[in-house]
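Letters A, B and C mark the chains as written, and numbering starts fresh at 1 in each.
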Amino acid sequence: MNPWIHIPQLLAAGITMGAIYALVALGFVIIVRASQILNFAQGEFVMLGGVVTFFFITGAGLPYPLAALAAVLAVIVIGFLLHLLVVYPLRKASVLILIMATVGASIVISNTSALLFGTLPKALPPFSGDLPLELGGIRIVPQNLWVLGATFLLFFVLYFLSHRTLVGKAMEASSTDPLGADLSGIARNFMVFLAFGVSAGVGAIAGVLVTPIFYTSYNAGTLLGLKGFIAAVVGGWGKNSGAVLGGFVLGVVESTSIAFIPAGYKDAVAFVVLLLILYFRPKGILGSPYIDSRRW
Amino acid sequence: MVKKYNKGSRIEYRKRDILFTAGLWLVSLILPDPHLPYRREFIKKRDFFYVGALLLLPLILSGPLVYLMVLAGIYAIVALGLSLFLGYAGQISLGHAAFFGIGAYTTAILTTRYAVSPLEAFGASALAAAVCAYLIGKPILKLKGYFLALATLGFGEIFLVMVRESRSLTGGVSGIFGVPWFSVAGFAFDTSLKQYYLVWGVLIALVLFAKNLVRSKMGRTLLAVAASEDAAASVGINVAQVKVRVFVLSAAFAGLAGSLFACVLSTANPQGFGLGLSVLVVMMVIMGGMGNLYGPIFAAIFLTWLTDVLGGFQEYSLPIYGVILILLLIFFPDGVGTRLNERLIYLISYWGRKRRRERVDI
Amino acid sequence: MSLLSIDTISKSYDGVRALNGVSLRVREGTIKGLIGPNGAGKTTLFHLITGVERPSAGTISFQGRDITTLEPHEIALLGVGRTFQTLQVMGTMTVVENILTGMHSRLKGGFLSCGLWLPWIHKGERTALKEAKETLEFLDLLGRWKWNASHLSFAQQKMLELGRALAMKPTLLLLDEPAAGLTPAEVTRLAEKIRRLREQGMTILIVEHHMGMIMDITDEVAVLHNGEIITEGPPDAVRNDPRVIEAYLRGKDA
């Protein structure tokens, strides 16, 4: 069988996947731009976005858009709580402690969600029907276009936020030069607090968008989070544009790899890409403003 | 006004300290003294007490607890190795479960497929883990901090996928069954009690090795690499090489533990070697205290016991486990023993100061 | 015969020239001072000699051997000891262990032989400890040999760092601003130590802002300004050189 036949279809799937990774990666970047902290629980926000929406629709009987909005707000609150309860008390701790604490938080969040909402995978109806569009011999589900559109919209909103508003500048300042930020009167911890909220919100939106395409279960967040992080590293750590580019690169590579290697190895592909990029170009494709600092 | 406020806050602080310390005071008497980790006398009186306690412990423990101590001993071996890498050399690894798994699978495959004796498989496991660590360590150990953590984590995930997918060799998700008991010259370790002495015997040997290491030139080298790589290089230490070697050494420890694990459970399947185990082992080292050899062993016993107890709560176990991890990290970020000793010393000095103040007042 | 010779070395960072064709020689058994206003490129030169950074052009040779492309630890193993401008004492270790770390290259043993505590390790550790205490006595730190290094005062930590470099028994010692942040009395003590080291036949290259000390102890002084050596010679001649005075004064005006 010629593996090249499937390439166009796989490319389309890869781009969708890439958009999702890009959304998760953006969540990581928001926090890193404000605090040089890596939040290993980022994937759980995505999972919660889908699962909580599902709960609001079936459990509370809200209409779809309202349920999605409520879920995003709920996850933002959880993001704030994560900062207040875990990250803020450890603001002076070492890298290792922060990693372990956010891993612990991710264990708590995913398993509590299993307790509250059950362990069964959840699926949401697509936003606008599930009739696939034929586009030059490739079949595309409309939901994929929604994901793509939302990714770019969020990218531009975040770009505007971080480059054109005072809050965005203050966030970046508190990450790149903590002492300088303190001296110029920026409430650094509050900036990190905000960043966690925004990041949780972006993650939850990703979750709402993804759940119609894939089933979301309580343990889906960890792997999705890791791959989002890999995407952010591949594209260029700490850059919004890098996160988006890395997401697409990772999605396409992972998806097209199915044509050449057994499907079971798909999850390993992302990590092989990660090891290669860390070895040959730790700055990522677009370069990174943070990589020189000792923390990374 | 100010005076009154000061006085009030002082008394409150003292009360809190007493509460904090009182319940755990007894524990701290047995815990290793983390303030003196570098006064490296080889054997102390305390060590005989520890060994004696280990020998006699099965007399008072019931069967399931002995089995638990066997598991704790196995994890303690991994934690001991990781302590050298993480606690002494200051590097981060979230992939030690993979080396543990490599050890377990090497033993399982060699003994069940090729009828190699468990003792030879024991050695081969350490070797296999060490070789893997060398190959993976060479490229990734130039990374620091988060990226090193992520790279080792990625290695662990790749290992899991490989194990699950290469079914002909590893039996896929269900794993390999029927690994024979560990045996030396015809003597099989077939009960929990025998396994207890086997595992803790191996652990004692490895502790002696590690103690020798940290009181010699190499121990100082590891601490120097952790403290300042520039300064270490300035006295002629090949930082990159030292990092790779200590990584290989700690992987070999994990490989030995994995081999014992396969022999004790007589099975090897991928469920036991995931990120969960890596996190658990790193927690053991953090709780035991950085730059400390006994701490991780005590933490291994405690955490193995804790996971067993939490297992009784079924679906509530993991959320509770996560909360306990976070609380431990928030309240004891530099190890339970270290923090307790600091509190004790503070308390003693506080009482000393108070008495002096009172004398002056009179 | 010059122990260290630097030939027309240049270094630029993204187009900014930090060093421009600098040549410098350090003769065996002498103390050479390197002075210059802030931003003259002294620290860059230090980084190039110790292998932390690579020069854009030019060569550095030590004992007739080209060390331009060697790694920092390889240069150290050849016998170049150094101290740091920002303190790099290992605070988690005791004072004596800091000194013993300096003896790394002179002690035998790798991971396996240390772990098994083979006989020669035992012997080596014993003699090393004795020697380390002698070094501490020379630095007036013997009374604190069991202290944690981070509990020492700033001046003592500086001394300890010097001790760590001395423990290597280096042929060439590079001191990066050893007197910075010390009180006058401490500077006098430090100058005394350095002079005694020279009597023992050690070659020293010293970067310093403290003019009094430089003029006092060095045999030769080179002045670095804007990435170039503007003058070189005995301290007295350099002190009265109009170009040096101008460089410092102009530096202050700007």
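Note that contacts are C-beta pairs under 8 Å (C-beta built on N, C-alpha and C of every residue); 3 or more make two chains touch, one makes a residue touch a chain.
No experiment lies behind these values; they were computed from the predicted model shown.
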Arrangement of touching chains [line / ring / star / complete / other]: line
Chain nearest the overall Cα centroid: B
Distance from chain C to chain B - Cα centre to Cα centre, in angstrom: 40
Mean-CA-position distance for chain B and chain A (Å): 32
Chain A and chain C: spacing of chain centres that average the CA atoms, whole Å: 49
Chain B: positions in contact with at least two other chains: none
Residue ranges of chain B touching chain C (in the complex, touch as defined): 38-39, 209-210, 212-213, 215-221, 223-224, 226-228, 230-239, 245-246, 249, 291
List of chain A residues in touch with chain B within their complex: 38, 85-86, 89-90, 93-97, 99-101, 103-108, 111-112, 114-115, 222, 226, 229-230, 233, 262, 264-265, 267-268, 271-272, 274-275, 278-279, 282, 294-296
Residue numbers on chain B that touch chain A, as the complex places them: 86, 92, 94, 139-140, 143-147, 149-151, 153-155, 157-158, 161-162, 164-165, 275, 279, 282-283, 286, 315-316, 318-319, 321-323, 325-326, 329-330, 333
Footprint of chain B on chain C - complex, ascending: 50, 52, 71-73, 76-77, 81-82, 84, 88-94, 97, 100-105, 107, 109-111, 114-117, 121, 124-125, 128, 146, 161, 164-165, 167-168
